[in-house]
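To keep things simple, chains are lettered A, B, C, D, E and F as they appear, and every chain counts its residues starting from 1.
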Amino acid sequence: MKKIAIFPGTFDPFTKGHDALVRRGLSFLDEIIIAIGVNDSKKTMISLEDRIKAINSVYGEDSRVKVIAYDGLTVDFAVQQNAKIILRGIRTTTDLEYEKLIADVNRKVAGIETVMLITEPEYAHVSSTIVRELMRYGRDVSEFLP
Amino acid sequence: MKKIAIFPGTFDPFTKGHDALVRRGLSFLDEIIIAIGVNDSKKTMISLEDRIKAINSVYGEDSRVKVIAYDGLTVDFAVQQNAKIILRGIRTTTDLEYEKLIADVNRKVAGIETVMLITEPEYAHVSSTIVRELMRYGRDVSEFLP
Amino acid sequence: MKKIAIFPGTFDPFTKGHDALVRRGLSFLDEIIIAIGVNDSKKTMISLEDRIKAINSVYGEDSRVKVIAYDGLTVDFAVQQNAKIILRGIRTTTDLEYEKLIADVNRKVAGIETVMLITEPEYAHVSSTIVRELMRYGRDVSEFLP
Amino acid sequence: MKKIAIFPGTFDPFTKGHDALVRRGLSFLDEIIIAIGVNDSKKTMISLEDRIKAINSVYGEDSRVKVIAYDGLTVDFAVQQNAKIILRGIRTTTDLEYEKLIADVNRKVAGIETVMLITEPEYAHVSSTIVRELMRYGRDVSEFLP
Amino acid sequence: MKKIAIFPGTFDPFTKGHDALVRRGLSFLDEIIIAIGVNDSKKTMISLEDRIKAINSVYGEDSRVKVIAYDGLTVDFAVQQNAKIILRGIRTTTDLEYEKLIADVNRKVAGIETVMLITEPEYAHVSSTIVRELMRYGRDVSEFLP
Amino acid sequence: MKKIAIFPGTFDPFTKGHDALVRRGLSFLDEIIIAIGVNDSKKTMISLEDRIKAINSVYGEDSRVKVIAYDGLTVDFAVQQNAKIILRGIRTTTDLEYEKLIADVNRKVAGIETVMLITEPEYAHVSSTIVRELMRYGRDVSEFLP
């Protein structure tokens, strides 16, 4: 059976850190769906179309990676896509505790397993939040993007 | 390509918590080698033979699970077994920080990826250390063993 | 002297996790006042009336448990109720650090002691935030409520 | 029913930090048994007799505080003393995670509740380990003792 | 070469905890610029003018301490002020993880070093957030201010 | 007044991570004494002489860095060397909590300030413990040494 995982996030923007997690995930998964969560009440800096385009330009040739936007509960999207696994990166212990609660709920309400990769040290500081902050003040952020 | 992981530990004893991690790992891995680390300077409560026997009695029928003892570096054993992945369970943030350092080294010196599963809450307290402590004082520990 | 504690929160909704803390607290406290903090600038999903009604239906017969809404500082409410103790549950290390700062201030400004219970593992993921998120998408959440 | 708690530790030595926890515990408990764990394989700096004497000299007049040495499992001692509660101080998040595992086991195997107080900031650094280290090098440590 | 550091924050209000960090920083730095970050989208309780005045009244006589408001990226302000160092206080492990990410970025994008002091225990709970909360309810907060 | 710090440790071995901390410390300190703690009850892999020689070969030309072995309390050594500052690297939150307790004691008993640098991510996994483990199994560790 094909091992399909979703990799959910806002990806505003999709960084080198996200890219590294996807590539590492492909070492033990057959397919990764990059799942862009859409939340009407949350304003993003980059439009959904541009985020999809940017991610597609990274993996365009690799049929194992797909990009799909979704709204609603992440587990409902996972079930609908036939994905049994959620892939998550952990940077800090604060991340761990948050992810643990979500993972427990997702296992309980939908039988979805969550697999964690610890962010590589060289990408730990490359968060979308920090990149957006740098963009806001006109800094060149290309070194943080794939 | 077959996805083989090693699941290293001392397993003194192998608990329900370990068992849960192996079963969850099988949802995205093709084969798991339960790798019993042997360290001459570290005395165990249960003999190596009895630990191997106990684990085999759990997975005897499942060809996807093997039990092998090893000494030396864990990554060297992984390479020798053709395993590209180390499977680890995380219970606490203290675990996370320790595992992160080891995982970074293992990726660096041998290209081995470490995949983390967060321990399910109902098994979080079922550590080998606590089970041994209960055994030492004559408590029945069968509820903690698979 | 009667040992009275307040158990403050928003309880939007009051979950099985809250209920477990109250019941555990009753093993060493004489009276627990479930203190619903009212904050005009914070919108809740469930109305104050419905939250009071739901909690009362859980403890209706137990004279050791009261439900009272309050605004203002939690310690001021505690003093006014003759409560010397604040009861709090801790789920994560992030909780601990937050609670520690608040507890230090409360001890300093009003001589109120804070007593902590660590959330039982089976309720660790049952946070009001997560339950609200599930409610928002139409999931049945009755298994998380007392 | 009288609310009896045990406050277990090695108390080598019993510090101002321990004393502060006992006094805070008495604000919501009827009796506290300071339970000195005796472990033949663990060498202490101060003899058991001297530790008992030192603690008694602090609480001699207070019938709510007792000092008793025990060996074996802490929960077995609690049950034998008719204590339903274990009182513990938490200094750090590392403490929390350790205490959580022990508390979960104690609740499970013996129905004993664990109640946590966060160490007051002014005593956070007053650990027995650090006091022993200072004693070893001939420092006056009286400011750390009650 | 003169060792100049900036000590960035909102200082709404500037507390005894901030003051203690500045004084400790002066034991190894030649000059500290208290850098008040101005962010149009973030409303403060105390006006910028009053914050500057309050801080100046504390260090008025000490030529090693300056107060300057800035907007934009903190590192850009540091570079413009010829400061090679950012001074930060850490209270909790949550603080550490946040500061670590920011410090890594600041080193990377501008070669600015971040030096951390751990908050003294007696000031750990004196956060601006808590002081504002007390002010909001009419409490006297002068004991928390320098 | 000259700003002198001690940088205490066992340095068994002195790694690239230690070296990075010393170099970063020199950006705001005038002199750093690398203080090798000697503890008769703790066996090291590398002899004291070889550790001193190795460190000297790194900083031989730089008069701002000295290497001295000491036994006894670290603060006593600091006082004796006229150093007002202890320089420490922090890798993890577990480190932070340990360092905090020690720093509070050192400030209290000897007025010595502790200044923390967070380990750069690329060196976070380069601990002496891990390097020794690799050496034990015959791995080449030169990439971890300065």
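We take it that a contact is a pair of C-beta atoms (placed from the backbone, for glycine too) under 8 Å apart; a residue touches a chain by one contact, two chains touch by 3 or more.
Remember, predicted model here, so these are calculated numbers, not experimental data.
Any chain bridging chain A and chain C, meaning touching each of them, is among B, E; the list is complete.
Of all chains, B has its CA centroid at the greatest distance from the CA centroid of chain E. Taking each chain's centre as the mean of its C-alpha atoms, the one that lies farthest from the centre of chain D is A. Comparing A-B with the candidates C-D, A-C or B-C, the pair whose contacts agree for more than half of the residue-numbered pairs is C-D.
On superposing C-alpha atoms, the copy chain D sits rotated by 180° relative to chain E, to the nearest 5.
Averaged C-alpha coordinates put the centre of chain B at 46 Å from the centre of chain E.
Separation between the centroids of chain E and chain F, computed from CA atoms only, is 28 Å. With centres set at the average Cα position, the gap from chain D to chain F is 34 Å. Annotation for chain C: residues 93-94, 97, 100, 104, 121, 124-125 touch two or more other chains. Chain pairs recorded as touching, per the definition above, are A-B, A-C, A-E, A-F, B-C, B-D, B-F, C-D, C-E, D-E, D-F, E-F.
Interface residues of chain A facing chain E in the complex, by the touch rule stated above, are 91-94, 124-125, 127, 130, 133-134, 137, 139.
The touching residues of chain B, counted against chain F in their complex, run 72-73, 76, 93-94, 97, 100-102, 104-105, 108-109. Interface residues of chain A, counted against chain B in their complex, comprise 3, 5, 24, 27-29, 84-85, 90, 93, 96-97, 99-100, 103-104, 107, 113-118, 120-121.
Residues 93, 121-122, 124-125 of chain F are the ones that touch chain A when the two sit in their complex.
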